[in-house]
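Chains: A, B and C, in written order; residue numbering restarts at 1 for each.
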Amino acid sequence: MPFGRRNVLLALLAIGVIVPAFANGYQLFVCNLVAIYILLAIGLNILVGYAGQLAFANAAMFGIGAYATGLLQVHLGWPFWAAFPSGGLIAAAVGTLLALPALRMSGLYLALSTLAFAQATQWVFLHWENVTFGAGGFKTPPLSFAPLPVDKPVGLYYLSLVLVVLLYFFGRHVVTSRIGRAFVAVRDSEVAAESLGIDLLRYKALAFGISGFYAGVAGGLYSALLNFVAPEGYDLFQMIIQKSTIVVGGLGSIAGSVIGASIIILVLELLREVKGMQEIAFGALLVGFVLFMRGGLITVLRRYVRGWEEPLRMTPRDPTGALPQSEARPSAADK
Amino acid sequence: MGQRLSGAAVLLAAAFAASAATAQAPGVTADTIKIGTFGALTGPGYLYGKLPMNGVEVVFDEINRAGGINGRKLQLVREDDRCDPTAAIGAVKKLVEQDQVFAIIGGGCSNATFAAKDTLEASKVPTLIFASVHDGITIPPAANIFSTATTSTIESQAQLAYAVEQGAKKIAIVSMRDSWGRARYTPLIEAFKAKNIKPVADEELSPDANDATAQVLRLKAAGADAVLLLLYPKPAAIFIRDAQKLGFKPLSLGQTGIADPAAFEEQVGVPGATANFRTISQVRYTPEDPKMDKWRKLVEAKFPGDRLSVYNLFGIGSAEVLVEALKRAGKDLTREKMTDALANLKDVNTEVYAAPITCSATDHRCNKGPAWMAKEPGGPIKVLGFTVVGQ
Amino acid sequence: MLLFSYLLMSGVTTGALYALVALGIVVVNKATGVINFAQGEFFMFTGFVGWMLHVQFGMNYPLSFLLAVAVGFVLGMLTDRIAFRPIAKSDIVSLVLATVGIGFILKGLARVIWGGKADYLSFPPITSPDPIMVGPVMVIPQQLAVLAGTVIIMLVFAAFFRLTRAGKMMQATADNSRAALLVGIRTDRIYTLAFGTGAAIAAAAAVLTAPLTLLYPDIGFAFFLKGFAAAVLGGLTSLPGAVLGGLIVGVAESLAGGYIHSSVMELSPFLVIMVVLVLRPSGLLSFRKARRI
């Protein structure tokens, strides 16, 4: 099998490993961003692509992870190595709580209530000044990888890369296990899933919690990359970037998340060349991707790369079934 | 992954290109100097990014038309930061490591520029900030970062000093809770403490607000006789409009964000409402001033459809300062000489700033003389004077 | 009591702005089941078009208004053709992203075309600019014009859905698109009509409210967010619901600002939304039909 999904991903990983050897500071920074967005995309894809929850709070979770990691260091004097995992867990806990409204509603109603939650989180970042330092944000303590013989940018890059590999396999494991099948059942029909004995609360909580954890870990890395945390980074534009990574890569595919995140971040950087026209170009690219790569890049790869196999083909067939709505009416066009 | 591979190819190519650079200082050739600029080209912050950049570009064109500086033409490389801290760091890293610019002029949104400060400082590239007002950018001073924007402390102190001077007894604050608003709010509260007075009311207004009735009523109930507005023109216009509607007419003081009283009168839209409005400007003239005719023609010719704005003027003033420093740095340009030249600027007069520009080794806030302006409803704009603040 | 009257009045006049945006969102959603995330940008772009015709080219107000509405209608139809019809069977995340993409394009275009003209463009009001007394409170006449416009648009479209053939076909498509297709309704035309109408409403809203809100390239998103909130509160498919939702959001902001503190104004509508949706998961004016299985 000359190509195959595994080999392609291994090749990508090999490139990832040798990047610091030839990249300048700017290129390494961008590659680190790519790694962070891969984590975000995998987490979001588990929630949206597999469990079918149309949530808009991932940017807020990302922010909670970044703030928690930063603030635990600044206020309590924790070392990064303790604050960082705690940030991931705190985001996972908050994410789990979000499953409560998701139990009562779905589709666009869930979208708006999670959007409201995200706006409320922004409000807290801005107003809880004694703790969050408000709109001005705060600098995080410098990070050192001593006694390892690497400087901070390279060390952080490899830390991000290791986490990408670990959490890629964790994500793969989740979606191919019983849990993943339960997510898909919930996505395709909540009533049917319940009748199969799937506990909706438990699985929705799991999906929100897992995606919160990924976002929180990504947030911790992000705070260390920037050495700075401020509310601007976790707004709705951030949410749109994250949503586009999973749509471009392919909903319901972990490998697609990796590819989608890489493409979107590199495209955003390449668009620097169309000075002042980025908004127009980015908008056109979004429309173009949705129009011409339906099902995401993963669908294209599956068609053209020999031996590409996706575990459990999970791209939803029926648009309305993907995200069940509470009302009995078809929500997209039938022609 | 084709993308990823071609990305790698780009990376490799760039690495070779970098090693081929000559012995000249980075960004300098026999007949060109490459200057970088970063700020928001897109998103709401473009007012403080793209528009000053347009001003910078017009100044550079004028210099180039006259033969350049020591025979070298100026090139401007723009990078977008979308007002986002991450994108600002990316933009600066790209300017320094990939575009290899000699010096940087730029910086629109406060938080974005503040986030990029460490990267700028480490790069040692001489940098002049044209619009960001966050104090943290210039205090404590980084050896290579200077600012021609009147920083937030300077303007906030000037606002309070002016209100007290005018005999106000009950002073209130209306502010935006974004990074721009907070950068001004924090030093303002400190200035209140230093004068041992307390604001009688402290209200918030969103940048997108469409109604300020609640805020006006609360200020009115507190009996405020002066209001310090830490607001962009839109929410400020809404506030002044609703104050007029409710018969509340305190002395209202704006800052550089509302530097054009004529445009502001039109934005408020209710006749007579701006009678008690005064504002600060870091530039001496409004775009309508006949003294700005030269720049108006140049900007409107280069960017068809645009109208000269105060945001263009920020860039024009800053670019003039940069050009002056480039001239003083001499023919054998190095970044060290350029940084020295910036640090030793003294009483440099520009065509737009209110006060002469003076930097020093210990104070990199080079513009400390904001001008006070007012416009009688229907009348001409008057420059009321300058408040020179700080040490 | 006077305080309350003032806050209520300002809440209602601001709420009317949100309601206008919500009406456009509801008309599109009613027929297609999609939320048009570019609705705010339609509002912004057509507002600029109205400004260009009326202020820059000196065209009279009614004509500028009608032309802006026509431009809105065309923009909406184009959006349907480009970013909805070819992918109508895709998942909802893709549909949402396509409209987000359209929104980015419009915002970028507006910044290039009008962004250098002024930070915030002002638009002359159709009424006298001086405040007038209404009962115990002072109001800016343009605010009453907006309120009247909101009610008129709501009534016109409520009548349209009940009384006209096209409206009935839209309603039928909304209720069950497959059945509508079976009885011979060209549902694809209905979708085009819905997108066009939604954008035309945005244009009417923009030209009507621009004297109060000023125009700038980034005005759309804040309005979209509040309009979306209003539409969901009202149940997403109900026109009176959208207006009610808009008023609730506006009044919640105003009362929170007046009685608690202005710093909670921005938070209040989102708290209201979370509470309402937990209690009534499909909005205030929507009656739960059978669950889809």
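Simple rule for what comes next: a residue touches a chain if its C-beta (ideal position, glycine included) is under 8 Å from a C-beta of that chain, and two chains touch if they have at least 3 such contacts.
Worth saying up front: this structure is predicted, and the values here are computed from it rather than measured.
Would you mind telling me which chain pair, A-B or A-C, is linked by more contacting C-beta pairs?
The greater number of contacts lies at A-C.
Going by average Cα coordinates, which chain is farthest removed from chain A?
Centre of mass proxy via C-alpha means gives B as farthest from chain A.
Where the centres are mean C-alpha positions, what is the separation of chain A from chain B, in Å?
35
Distance from the CA centroid of chain A to that of chain C, rounded to the nearest Å?
For chain A versus chain C, the centre distance works out to 31 Å.
Hey, what residues on chain A touch two or more of the other chains?
Counting only residues that touch two or more other chains, chain A contributes 127, 276, 278-279.
If I count partner chains per residue in chain B, which residues reach a count of at least 2?
42-43, 50, 177
Where in chain C do residues touch two or more other chains at once?
108, 111, 263, 266
Which positions of chain A touch chain B when the two form their complex?
Per the stated touch rule, the residues are 8, 11-12, 15, 19, 22-27, 29-30, 33, 126-127, 134-137, 222, 225-228, 230-233, 237, 259, 262-263, 266-267, 269, 272, 275-276, 278-279.
Provide the residue numbers of chain B that touch chain C in the complex, in ascending order.
42-44, 46-47, 50-51, 54, 177, 203-206, 208, 210-211, 213-215, 217-218, 232-234, 237, 241-242, 244-247, 263, 266-267, 269-271, 303, 305-307, 309, 311
State the interface residues of chain C toward chain B in the complex, per the touch definition above.
Residues 3, 6-7, 9-10, 13-14, 17, 108, 111, 113-120, 122, 124-125, 129-131, 138-140, 211-214, 216-219, 222, 253-254, 257-258, 261-263, 265-266.
Please give the residue numbers of chain C that touch chain A in the complex, ascending.
29, 32-35, 82-98, 100-109, 111-112, 174-178, 181, 187-188, 191, 221, 225, 228-229, 232, 236, 263, 266-267, 269-271, 273-274, 277-278, 281-283, 286, 288-293
Okay, in this complex, where on chain B does chain A touch?
Residues 1, 3-5, 7-8, 11-12, 14-15, 18, 41-43, 50, 78-80, 82-86, 89-91, 93-94, 96-98, 109-112, 114-115, 118, 134, 136, 177-179, 181-183, 186 of chain B touch chain A in their complex.
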